[in-house]
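Take a look at the structures below.
In the two assemblies presented below, chain A is common to both, partnered first by chain B and then by chain C.
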Partner chain A sequence: MAPDTQSDTGATERFEDVEWDELGGLGFPRRTQALVVATVAYAAAVAYDLFVTDDAVLSGTNWLFVLTLLVGAFFVAWPLAENRRLTAYYWRRFKRNRAAVVSAAYLVVVFVVGTLGPLVLTEPELNILAAYQPPVYLSVDSAVPTTCVGQTADGLCHGTWQYPLGTTSDGKGIAKLVVFGMRVSMQVGLVTMLIVVSIGTAVGTSAAYFSGLVDELLMRYVDIQQTFPTFFLFLIVTYLFKPSLFLLITIFGFLGWGGIARLVRSEALQRREESYIRAAENAGASDGWIIRRHLMPNVSNTVITAATLLIPSFILFEATFAFLGLTDPATPSWGQVIASGRGDLDGAWWIATIPGVFLFFTVLAFNFVGDALRDALDPRSEGDA
Partner chain B sequence: MSMHWYVARRVAWAVVATYLILTITFGLLAVAPGDGQTAFAFEAATEGGDVDEARETFDEITGRDEPLLTRYTNYMVNMATLNWGWSFTRNQSVMDALAAAYPYSLMYAVPATFISIVFGYAIGLYSATHQYTLTDYLGTFTAFFGISVPNFWFGIMLILVFAVDLGWLPSYYQTGRGVWTLANAKQLVLPVVVLSTGAIAGNMRYSRAEALEYVHADFVKTARAKGADDWRVLVRHIFRPALVPLMTILVADILGLLFAGAYITEVVFQIPGLGLLSYKAIIQQDTALVMATTLVPVFIAIVGNLVQDIAYTVLDPRIDYGDR
Partner chain C sequence: MPSDPLLSVRDLKKHYPITQGVLKKEVGRVKAVDGISFDVTPGETLGIVGESGCGKSTAAASLLRLEDPTGGAVVFDGDDITDYDDAGLKRFRRRAQMMFQDPSSSFDPRMSVGESVAEPLAIHGMRDRRRRRRIVENLLERVGLSASDFDRYPHEFSGGQKQRIALARALVLNPDLVVADEPVSALDVSIQAEIISLMRGLQAEFGLAIVFISHDLSVVREVCDRVAVMYLGEIVEIAETETLFDDPQHPYTRALISSIPTPDPARRDERVELSGDVPSPSNPPSGCRFHTRCPEVIPPEQFDLEQREWRHVLDLRLRIDKGIDVDDVRAFLVAEDVADAPEAVPDAAVERELRREFDVPDALSDRAAEETLSSGLSALVAGDLEQARRTLDEAFTTVCEREHPELERTASGSEPACHLATESVAIDPPANHD
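Here is the complex of A and B:
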């Protein structure tokens, strides 16, 4: 970066004269230091939760979610903030797709509300007296709710701001349920994606880099894993064991990375033949170094795109299983609310409709963003769709 | 590698995969805490029987008191000889239950598959050859809608609009209306629409992307230069090479989509097919039936993948058999 400035000050400066401390020192960069601190703090907190206290501070799913946020901060947000020019370049390309920008904004709202909302709000409560309240500004025949919280006029029960999106058949506010559902959807989507991407990338790059027997063994295993449809595997497992969000994330995370591994492998096979890898090999870099510093960063664009497109499928799976009643009934989730409103389509149409709208738009937004990311991050996809 | 050798190896692999899956399922069954014994005992207790006796009977029927290896051998032999056990909630053999259920699944899955292939490919090819037109954008939008809309919610919304509000179609499936009758056709409309929407979107995206690779290919330009009309170019020069990779996607993805989607569709519309059978078995803790109804789609997926790979070698003479 500095050949110009050096030639300005004269080419007499020698290696041993460089003031390394002024240039930031020989120590680790700040990001690495912060990463080490964060990792240690996280591990200590988890250990404390596991071994010291009896009452859990956070559930397993929540711990995984915190981990996902940490990884996201260190490996996505921080590098983007450091490389301003690259970020601006990606943003310019991403911005071209207006639907994706709107989608991204919507997802940020869902993410923030879903992460912070459940910390502030109390869990939605059962309240038989407030059952079947219509959403605000809407009204329903006053025969539908047993008692109307809002005003009754001309035989119509009007919605109130107390329950902006109405209530379910047991009087839980749908607005609150939607917020709690955001958390579940975000957790399932992001945590599962992190597991899938970590394992898939590690396996894919290793298979491509080591080739031979390692490749054969890993990819044969992927073949087996891909044969078993995860949907039905999860059905069997929930049937045999107690279903929970944690189980769902684990099953889909640890058995769903086959596709990513194949994708990364084929991408890394092409990268492996590039001259910079050969150069690193000749310079004596170790296998681990080459994989971490040269192979992985160069397949990361493919991975990020594929990961974004995986998130909606995990969200849909969770919603589907919640709808079927095959997840933990204590976790309020969109699918569950939709299921509870299924029997009341005649009178209370909003119970099944509203959470579904949020679910649909969340999935749609992830698909839009993933599509735009593919266009923005992949330099080879210039021009065509 | 010759093609015969490849096919033989591929078939052997399917057998190995089946064997592995059965073994894994057996392992899960062996370590699982709740595998229907409690439900069976409960059933006996409600009918006035003795609980402990019922537990013993259950162990005897399922052979749980025998050593693990014997159980494993029995399990495998039973699986191979299609002796898949007894459904105690339905009081019939699992095979009979499956045989009674699958026609209902076919009734809506076959039309849905057909529709999704025809419409998906047609729209996809049209989009590819008419890129950046209004129709193309409309098609892309439809695809996004199709892959994003949750099947079960879409089904409920269709019921809300077409059954509850408009009253045009029945809101759930009723048996005993014949097969080739108008009443049956009417109650199958919504399930077919729900199931094919997602599949159309998938097919459309793939076929558009595949066709785009050939739209600007040299041989297509040559064909145009020689005066071939649009239809001929589309069918003979774009669709034919695109068909090979589409085959690959078709079997595996459609099977997966249809099976997972069909499960939900049957529960939403109460169609007494394989999906609803499986769902009820899970709710009622009927282990033999749960296993059978979840393994059937898995086996179909294995066979589907096999057929697809073999079809690929037959269709594409350029294929390298050493490659995965």
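Here is the complex of A and C:
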């Protein structure tokens, strides 16, 4: 047998034997092919929904949410699955932060339940007869609910499994409201984050890479946009049109990317000076190649960390607007439930408290995960055991 | 020259504009590289040495068109690369590669080293992922690593290993020319030797031409066939390595070579020390750029001054040209307890202090020179800076300051750009310049 068994991928091949003039032509990696297919399918589905059928298959917000999931699958999940060693390395570093692991698990639950739950469950219904029911295993003075669905004993109304987290003043089950609220929060947080991060990263890296006039134009525009009072714009637009989640997401998404763009630009300016960018230029790489293959992946630390910290702020924004009654009353959001329960804090404390607790933990969890990601994603900090 | 040059650099210039204000008005230029010319033949190693900041790295970047040159021509294999369009430039990139100084930043931390080495293959149209992998695994083994290192990340390697990988990346396109910008400067001496012998082996195998940029003369001596010495954006001497080290013609080369540490204690006294700082490339000195620091600067013919004496006088004169504040000297002397108040400091003491500061003796060995210097200094101390300048500039000037020397071949085979060297061969027939 020949001693040359070094390579496990077949016969060895030497670089000096390559016939360069034979190479060329088009060819794309699998991920790009799948991405093209997915994009075409998505565009076709949206076009069908918009122009062909009259009754909407999905709402605008839901289409955006589907897009966000697609982007997440192609640009986060796929690369992580492809580069297993790097993924394992990140995971080893991430799991050092226990609070973040617990938070991540909680967020996965919120995400899965919030995404799938509303597909299975029916919308919470008005039921005056079942108003003010306490959560299961808890009881309340039987004067509080008009009629007690569960058992009444010693003048106390006990909660039942029919309404595990109790009901609101109009008899909607809080458990269902929380599940539907999860979807709203996840949609607002993730979709807005996607819009903000895509535009911010594209603008930030382009400004840093091309510098000069491009940089000047883009960043001065950002300066102007940053002075724009998004809050008032949202008020005016909801006054003019029917308030909806879609409006909230698009307004905050398309006007809120300035901060990310600045952050990404300053990070990309540093990366631009690294020799590996020079090396790629020297190998003949185009501007687009360098931005996609080197600049963007290397600013992703900053972007991912900033994104995880942006999500809770968007969730809080939405909750605030819902609490103030500035959103679509038909959208079951946590902020809205909290608002509806604030008058009954004495008798029925659970109405405002339970969605409040979910809101609190969701925001907290994103912050923990963001911190841990920042520590885990920096490949330059060595000393990994 | 045995064969046609692969690379021929002619009068290459790279200037960086200094701008001011919102309108980016150009107020000056940093002449990082100011007219350098040299040839590199296939299979040859040309060294470029010089102090840091002399423009070596800018020269490297400009000759590969990583920076667009301000002027001059870079002819590679018959074509001027400064005229290339995008497609031509990409073809050129396949044949000319670069190795970088800092092994820690020359690899993308988010790519496995195998992907980094394979990247040029993908850029130049090799779509087959498995084929790229086969080639790179084979190459990694040939630079002394193992095929399984393909999937490891840059932070998992030592500096020396990373330079091996950098060499692999420079070679993977099978180039004709590699420009190595301080490839071993960041490494330990023992590792340096390994990388250098690896480079030499691969160079011999593939007939590579290498432009080797370094500030380390001992490394250059070991690696290069010919050496170009740069000072302040210009080449001051270019010669075969042996000739350059055995018989350096330019005073700056001599100073550089004498700065190599030597184990022979008897030779340590021969060290040439340069006075002053490197002038700014935004405002380089006139004539020979080295005249402000040259220990062998040519004295004026009418005086009979000792070389060291003349150097100090010229230093003093150049300082006065730049502007000197006599009041500061007075204040300094008050602090030294020479007098109670600046006004009370005697003029003679100021003159003495100026001479002391620049190591000029109290009386020069040449009477006429001493008279001129005294009258100049008196004018200066009396507050007439203009008069002092006129007197001194007229007398204490040198051909080195007035005329820019060109590279010229001397009898030793070296090509220095120095008036001293040209003077010595003035009687010979004109140097054969191709």
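List of remarks:
One rule holds for everything that comes next: the second predicted complex is superposed on the first by the 346 of 385 C-alpha atoms of A that agree within 3 Å, B and C clash if a C-alpha of one lies under 4 Å from a C-alpha of the other, contacts with A are read in each partner's own complex, and residues count from 1 in each chain.
Simple rule for what comes next: contacts are C-beta pairs under 8 Å (C-beta built on N, C-alpha and C of every residue); 3 or more make two chains touch, one makes a residue touch a chain.
Fair warning: this is a prediction, and the values are worked out from it, not measured in the lab.
Judged by the touch definition given at the top, the superposed model places A:320 against chain B, while chain C stays out of reach. In the superposition on chain A, contact is made by A:85 with chain C only, not with chain B.
Look at A:284: by the touch rule set out above, it reaches chain C but stays clear of chain B. Once the two complexes are laid over each other on the shared chain, residue contacts for A:345 go to chain B alone; chain C is not touched.
In the superposition on chain A, contact of A:312 is made with chain B only, not with chain C. Of the two partner chains placed around the shared chain by superposition, neither chain B nor chain C is touched by A:148. Legend: residue contacts after superposition of the two complexes on their common chain; A:276 is shown touching chain C, with no touch to chain B. Residues of chain A that lie in the contact sets of both chain B and chain C are absent, per the superposition on chain A. The residues of chain A lying in touch with chain C in their complex are 6-16, 18, 20, 23-25, 27, 29, 83, 85-86, 89, 274-276, 278-285, 289, 293-294, 297-298, 300, 379-380, 382. Chain C makes touch with chain A in their complex at residues 61, 64, 66, 89-90, 93-94, 97-98, 100-102, 105-112, 116, 119-121, 123-131, 133-135, 137-139, 141, 146-147, 151-153, 155, 169, 171-174, 206. Considering their complex, residues 13, 17, 20-21, 24-25, 28-29, 32-35, 131, 144-145, 147-153, 156-157, 159-160, 164, 171, 208-209, 212, 256, 259-260, 263-264, 267-268, 278-279, 282-283, 285, 287, 290-291, 294-295, 297-298, 301-302, 305, 324 of chain B touch chain A. Those residues of chain A that touch chain B in the complex are listed here as 219, 223-224, 227-229, 231-232, 235-241, 312, 316, 319-320, 323-326, 335, 338, 341-342, 345-346, 349, 352-353, 356, 359-360, 363-364, 367-368, 384-385.
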